[in-house]
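The same chain A turns up in both complexes below, where it pairs with chain B and then with chain C.
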Partner chain A sequence: MTNFLQYAATGLAGGFATALLALGVVMIYRSTRVLSFVQGAIASLATYVYYQLGTAWSWPAWVALPLAIVAAIAIGFLVDLLAMRPLRRADALTRTVATLGVFLVILAIIRVVWHGGETFVHPLSTSIARIGTFSLSVQQIITGIVAVVASVALVWWTRRTYTGLGLSAMAEDPSAARLLGVSPGRTSSLTWIVSAVLAALAGILVTPLLVLNPFQMTLLMVTSYAAALLGGFISLPLTLIGAVLVGAGESLTTGYVNVSGLSETFGFIAVFAILLISRGRGGAAAPSLGNGSESW
Partner chain B sequence: MVTGRRGVTLALLAALAAAPAILSGYWTFVLTLAVIYALLALSLVVVTGWSGQLNLHVAALGFGWGSYAAFALVTYGLPVTWALVLAGLLTIPFAAVVALVAVRFRGLELAIATLAIGLIFERLVFRNLGESLARSAPGVTTPFASSFVSMPRPTIGGAGFSGDAPFFYFCLVLAVVVFALVWNVGRRATGRSLRALREREVLAETLGIPVVRYRIGAFVGSIVIAGVAGALFASFKQGIAPDSYNLDLSFQILAATVIGGIYSPGGAVIGGGLMALLPEVVRSGPLQIFGGERLFLVFGVGMILVLWRLPAGIAGWRGRRGRVNGEDGSGESIDEISVGALTAIASSNGNGAAGIVRRLYHSPTDRHARRPLLRVDDLRVRFGGVVALDGASLFVPEGEICALIGPNGAGKSTLFNCVSGLVTPDEGRVYLQGGDVTEVSAHRRAAFGIGRTFQTVEVFRELTVRENLIAAGYLLRDDDRVVAERADALLSSLGLGTVADQLPGDLPLGSLRAVQIGMALVARPRLLLLDEPSAGLDDRQTASLASLISQARAEYGFGVLLVEHDMTMVASLAEHVYVLDFGRVIAEGTPQDIRNDPLVLEKYLGADWADAQTAPRRRRAAR
Partner chain C sequence: MSSRSGGAVLAVAIALTLAACGPRFADQAIPQGQPSTIAPAPTATTGSTTAPSPGSTTKTTVIKGSKGNVVTGSVIKVGGLFPKSGGLSALGLPAYQGAAAFFNWANEKNLVPGKRFQFITCDDQAVDTQSTTCAKKLIDQDGVFVMGPSFTPFSNTVIEQVDKAGVPWTGFDGINTEGLARSNVVTIGSPIEPMAHALIDYWYDKLSRQGHAPKRVGAVVLDVAPARTYMRELKEEICAKLGCDVVLERSVQYTTTQYETICRDMQNKVVDAIWIITDPASAIKLMNGCQNIGYPKGRFLGQHGIYLDLTLSQAGPYSDGLIANSGLLPDTEVTPATTEMKSIIRRYFPGASLGYFTELAFASARMVVDLVARVVSQGKELSRQNMLAAASAVTSYDCHGLCKGVTLRPPACKSGGNHTVWIVRADFSSGKGRWVKEAGPFDAFDVRTWPNPGKPKPC
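Moving on to the complex of A and B:
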């Protein structure tokens, strides 16, 4: 029983990091109908920046972390400006494919600057919190707190503030939102920036528990699609819960089932299973007729 | 243009055939890889470019399977030559299973599904398979990894293909055969239908194209092609390392194919060439800074630029540019030429055509004695808590123009969708010419003789008007020339001759409605369903359209079920009218009867007309 709780709790940290990525994916999908394949790469790039400042140059975390976040803001802004804006008239699938292009570009940058080697990133804290026989690293606890705070903030932002409501309006009906004065350009750029910051937080918080290589966060991003699917690519709270469940499930599978490579692929299997169950109910539904999406 | 393309193809083939004699062994080696990558890119052209399904992890789903299939065939004693030729076919069972799953998903869901399944194969199946094969296969050294298994080059007779040049020719011949097959499929009706369903799946279905079968076929076909490439790749590398079939490769080849041109086999050749040759070209010289890993940058930026400015890629640079961006759609400006054509037809026939036919058939008492075309019995449809149809029944005899009117939300469109097969009713039956078609899918109903239009304009935007009509000719199963003749005949009888080579985006709404009717008529339907053809048209255009419809009916003899709000059009065109309210028929009769029916007046016409008459006055009064 203790083992079970321990496995589940360990998984929660991974789950919360997945949640940060998933929230970004959902935010982007909600307001631009684009499925981002680049959240993982953005997370990696921001984490490499953090690694450079905090680990390689040994700057204190309170300097390195804000600078890495600033880098993430710049990355999100540039992705929108250089890849999404020019394609604003293209359909969502085309823009989705374009995020693959961005992925290749970011991967190239990482490989050129950091030679793509695997490295380890210093955690924010190395202490361990113990309750009886049960132990959790402070890093894991921080990850959980950040994810929950981020979700609550996002829900508040999208429901209670003017800009956030504009984002939600964009999700419901882009043309109606535009007629009401919501700028699609600003919405898109804001969404990408927020999502990039979420991705950066995910990378910075979770990589100390794993390793840092160019692909690690992209695999975590695919797992995060499972959570996004559970939330129907719309609901932020359900996305958070979904990510935590997937994280715990992954950790429990690793603990109890001994098949090589299974723990690594648990997330993908979850994605596939959830797809089969939730088919057509999410935002990425079947084609419809006469929904006014055509230019005529 | 055609001779130009043939010239380029022949020149390329000649150059490739001569290459090993001219170039060094190393370049032959690189060219072999280009040929293999061209095949891999071709599989993406078929599945993504043609059928619109995004396979994001082709390296695992197809390429990798082909490698292991070839290995399995060699292990079971088949000569390597045959193993490489047949490995593609061995992937069919796997491909079929994944295709059956994939066909349930569309768009982004499909992209996620292929990504997830592909990663499961890459990270779980291939690694474990590789390790167990490496352990069990005797005499195999594993210099690189514990999961590496070796795979020989093919040999024929004593000479053998094991050298670089013979192996290059082996790959080239196989690739040319596959490309020729695919190219041949692409220019026939199959290729047209695939492109049609990529763009407008529901429309394709109502035109009689078996969408599900085609999507599965394209998926399986593409995986077989990728499988052939994978088999050659294993032999090329003289072994299989599971890590070669990673997401990196999938994204790169997708980017290279998009840059080359994802809509045509020619684009696959360019994409494959880029993929293999670009790293070699930039390895030396001034482009050196882009070498190695940095090449990703070129592919990434190139892909975004191509999506932005050149959606059909390098292969399509001479075609219509910027279409994906939709910048050339001129919206609803009135095209005087085609309106002129419509009006000319209308005035030459006067309202006579409609009038004569109506008098011929107009005899409501013996309506039910005539041969039945469509009978709808007691249809009930619920969407969640909303009852859309609540026991609707109607009858259309052969050759009649029958109208269905009713307020918004009365269930007219749902009834239409039940007849054309897009919605399956919870209860009730639909009979076409006496046969029960309630459970029959939309594309098979089209084959039974139902054609339909949509309230919003549904046409293939990337095809010209004439190509739209040809694409709608799937059910004719004639050779291309017959379909083209039929399309031309319809174009001239619909007054669209002058705009035949324009894109739909350049036409006014009235002409687009005529195009839609033309598309529905290509396959010679016995029943034509028209969903609010006059919506958005002014009076003049509506009159022209009505006369076009009645003229076409006189010429081709089909029956019509018409959903319409415009009572003038209903009165001038219909011989019989059903009034639907809250999912139920509340009245039927001649247009004259309906206008005088007190219930209808109160429920529908009265309220609407009274509103229309008094609303402006009331508004003025309020001020």
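Moving on to the complex of A and C:
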């Protein structure tokens, strides 16, 4: 039982980072019905910026981190401006595929600027927190706190504020939302900016525990779909819980099943399993990409 | 609609990840901003760059250039496979830099009068299919004269391809046993098997002298051919003779993230040490993960794949005491050979991470230049056949002080290849981590676990 708890707890950090990506995916889906495949690449790009400032140029973290977040805001805004807005009359499926194009463009940028090799990012903290025989890195704890705070803040924002409610309204009925004064352009930009910041936080927090390359976060993103599916692509708290469960599941798989490559494919298996289960129950969890274009 | 859309989501997700894992972008031979390997030769250089070492039977290549002479013809195209991006780039990039630096130097110093070296490399991203494509491109499209210094775990998939094309591989990385049995392969690289025996035997002896012979070994193994060879030797031959058990073997991939769980598993199995048989990036992830769960430091054993400055700079003092093996004189040993090597590499690539494969690529590039110079100095036609003939005549190559007594005559598995081993240790006593020589050189064929004392294993 002790082993079980240790393995599960160890997986939480990865789960919380996954949650940050998944929350971004859900935010975009909720407001635009677009399934974003670009979150991992945005996370990588923002983390490369953080690496450049904090590691390559040795700027202090309190400078590098805010600047990387500013970069993420710019990335999110540009993705919306250059890729999503020109396709505003296209259906959601087309815009979803467009995110794949953006994904490739961002990877190309990383290749050109940082040559695509593997590198490492300094953690915000190298301290270890110990409770009895159990220990976790402070970096992992920070990741968990940020994910929970982000989740709570997003729930509050989308339920209690005018702009937050506007996001959902725009997805439900764009015409009605527009009549109520919700700006489609501003809503879309805001959504992409928020999700880009979440992705950047995920990348900056989890990469020091792993390695920085153009694809690590994209692989993590696949796991985030499983979490988003558990939340039905709607519920932010359930997405957070789903991500934590998937993270713990990955860790437990690694701990108990010694099969090469199994834990690496856990995200796929989880996505597949959830889709199968949801199909059996009428497909409630699977996102609908929709077939109508938005009127801006 | 939802289930169909869900299926589409899954399909796109799979395609996305396959795209992420698979071949990516074509590569340029020379990265932007780096000096070209065919830079114009400057004025006047004379003589060999190093003196022959005592005991070497290799005829020293004395190369003389003419003052003001600029090489205009007879460009010698040398091919190289390196994972400059992707999962093994932490090793592949510095290895490339080591080789490219020496070819730059050879051109700049006009080491072979009338000849210029064009080092054409291809980024195989450590993907077997990409290695094949790269080799085909280098041979068919670029028309390389020989395949030269390379670093790829999938050389075993292209070695036959290169052989069939009639191209010598002079500068093969030497880690895959398949390559060592080929008659077109010339290498100063150290085959895995003797390296494994030398390392483990030394480590076992060291701990035994300290009063606790290791009995329970854990291993973290990258899922590639050389690492599997290491593991096979450990389980089937080394531990069988020493009386140790591999109580936990965890296979990992470049994308593995669950290192903390692996460390907990090792902790639960109470292993005496974790043998890290991975690339440096995975080793760093493992050590960082172990550090995060409070796993005791000093209980790690490495191998030549993680012997790289990068490992220490990223894993930090937690890696203090980590030992690894090398088939070349450790670069932190202060000798004319290492001083010259570091000066040449840093001249072209100031930030290059030094270690076994960086040094191997550098020394291999020098071997290629030596062989070309040997053929040219004998007044023979510079043919592939004559390159192999020149190599066959060298029975105790010393890499200008970086290796010891390597017979270049192929196949290496019959002549023994490079079986001299140094043991290096991560040392943080000065505050900054560096690899220092702990033991060696000694002959791996003489260690007690080696099955054929004094001789190579049968091919």
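Just so it is clear, the second predicted complex is superposed on the first by the 278 of 296 C-alpha atoms of A that agree within 3 Å, B and C clash if a C-alpha of one lies under 4 Å from a C-alpha of the other, contacts with A are read in each partner's own complex, and residues count from 1 in each chain.
In this section, a contact is a pair of C-beta atoms (placed from the backbone, for glycine too) under 8 Å apart; a residue touches a chain by one contact, two chains touch by 3 or more.
These figures come from a predicted structure and were not determined experimentally.
**Student:** With the two complexes superposed on chain A, say which partner A:89 touches: chain B (first), chain C (second), both, or neither.
**Tutor:** first
**Student:** In the superposed arrangement, does A:250 touch chain B (first), chain C (second), both or neither?
**Tutor:** Second partner only.
**Student:** Per the contact definition in the header, classify A:120: touching chain B only (first), chain C only (second), both, or neither.
**Tutor:** Only chain C; A:120 stays clear of chain B.
**Student:** Using the touch definition from the top, say if A:6 reaches chain B (first), chain C (second), both or neither.
**Tutor:** second
**Student:** Per the contact definition in the header, classify A:268: touching chain B only (first), chain C only (second), both, or neither.
**Tutor:** A:268 sits against chain B and chain C alike.
**Student:** Which partner chains sit in contact with A:211 here, chain B, chain C, both or neither? Use first/second/both/neither.
**Tutor:** In the superposition, A:211 contacts chain C only.
**Student:** Applying the touch criterion given at the start, work out whether A:131 contacts chain B, chain C, both or neither, answering first, second, both or neither.
**Tutor:** A:131: touches no partner chain.
**Student:** Where does A:225 make contact in the superposed view: on chain B (first), on chain C (second), on both, or on neither?
**Tutor:** Touch status of A:225: both partners.
**Student:** Intersection of chain A residues contacting chain B with those contacting chain C?
**Tutor:** Chain A residues touching both partners: 35, 37, 93, 96-97, 100, 103, 107-108, 111, 116, 215, 218-219, 222, 225, 229, 260-261, 264, 268, 271-272, 275, 279, 284-287, 289.
**Student:** In the complex formed with chain A, which residues of chain B make contact?
**Tutor:** The contact residues of chain B facing chain A are 54, 56, 101, 104-109, 111-113, 115-117, 119-120, 123-124, 127-128, 131, 201-202, 247-248, 251-252, 254-255, 258, 293-297, 299-304, 307-308, 311, 324-327, 329, 331-332, 454-458, 505, 509, 512.
**Student:** Spell out the residues on chain A that touch chain C in their complex, using ranges where they run on.
**Tutor:** Spelled out, the residues of chain A in touch with chain C are 3, 6-7, 10-11, 13-14, 35, 37, 93, 96-97, 100, 103, 107-108, 111, 115-118, 120, 126, 128, 130, 135-137, 139-140, 208-211, 213-216, 218-220, 222, 225, 229, 250-255, 258, 260-261, 263-264, 268, 271-272, 275, 278-279, 283-289, 291.
**Student:** Name, in rising order, each residue of chain C that touches chain A in their complex.
**Tutor:** Residues 1-3, 5-10, 12-14, 16-17, 20-21, 24-25, 31, 84-87, 89-90, 93, 223, 248-253, 255-258, 260-262, 264-265, 268, 281, 284-285, 288-289, 291-294, 314, 316 of chain C touch chain A in their complex.
**Student:** With touch defined as at the start, can you tell me which chain A residues reach chain B in the complex?
**Tutor:** 35, 37, 82-83, 86-87, 89-94, 96-98, 100-109, 111-112, 116, 215, 218-219, 222, 225, 229, 259-262, 264-265, 268-269, 271-272, 275-276, 279-280, 282, 284-287, 289-290, 292, 294-296
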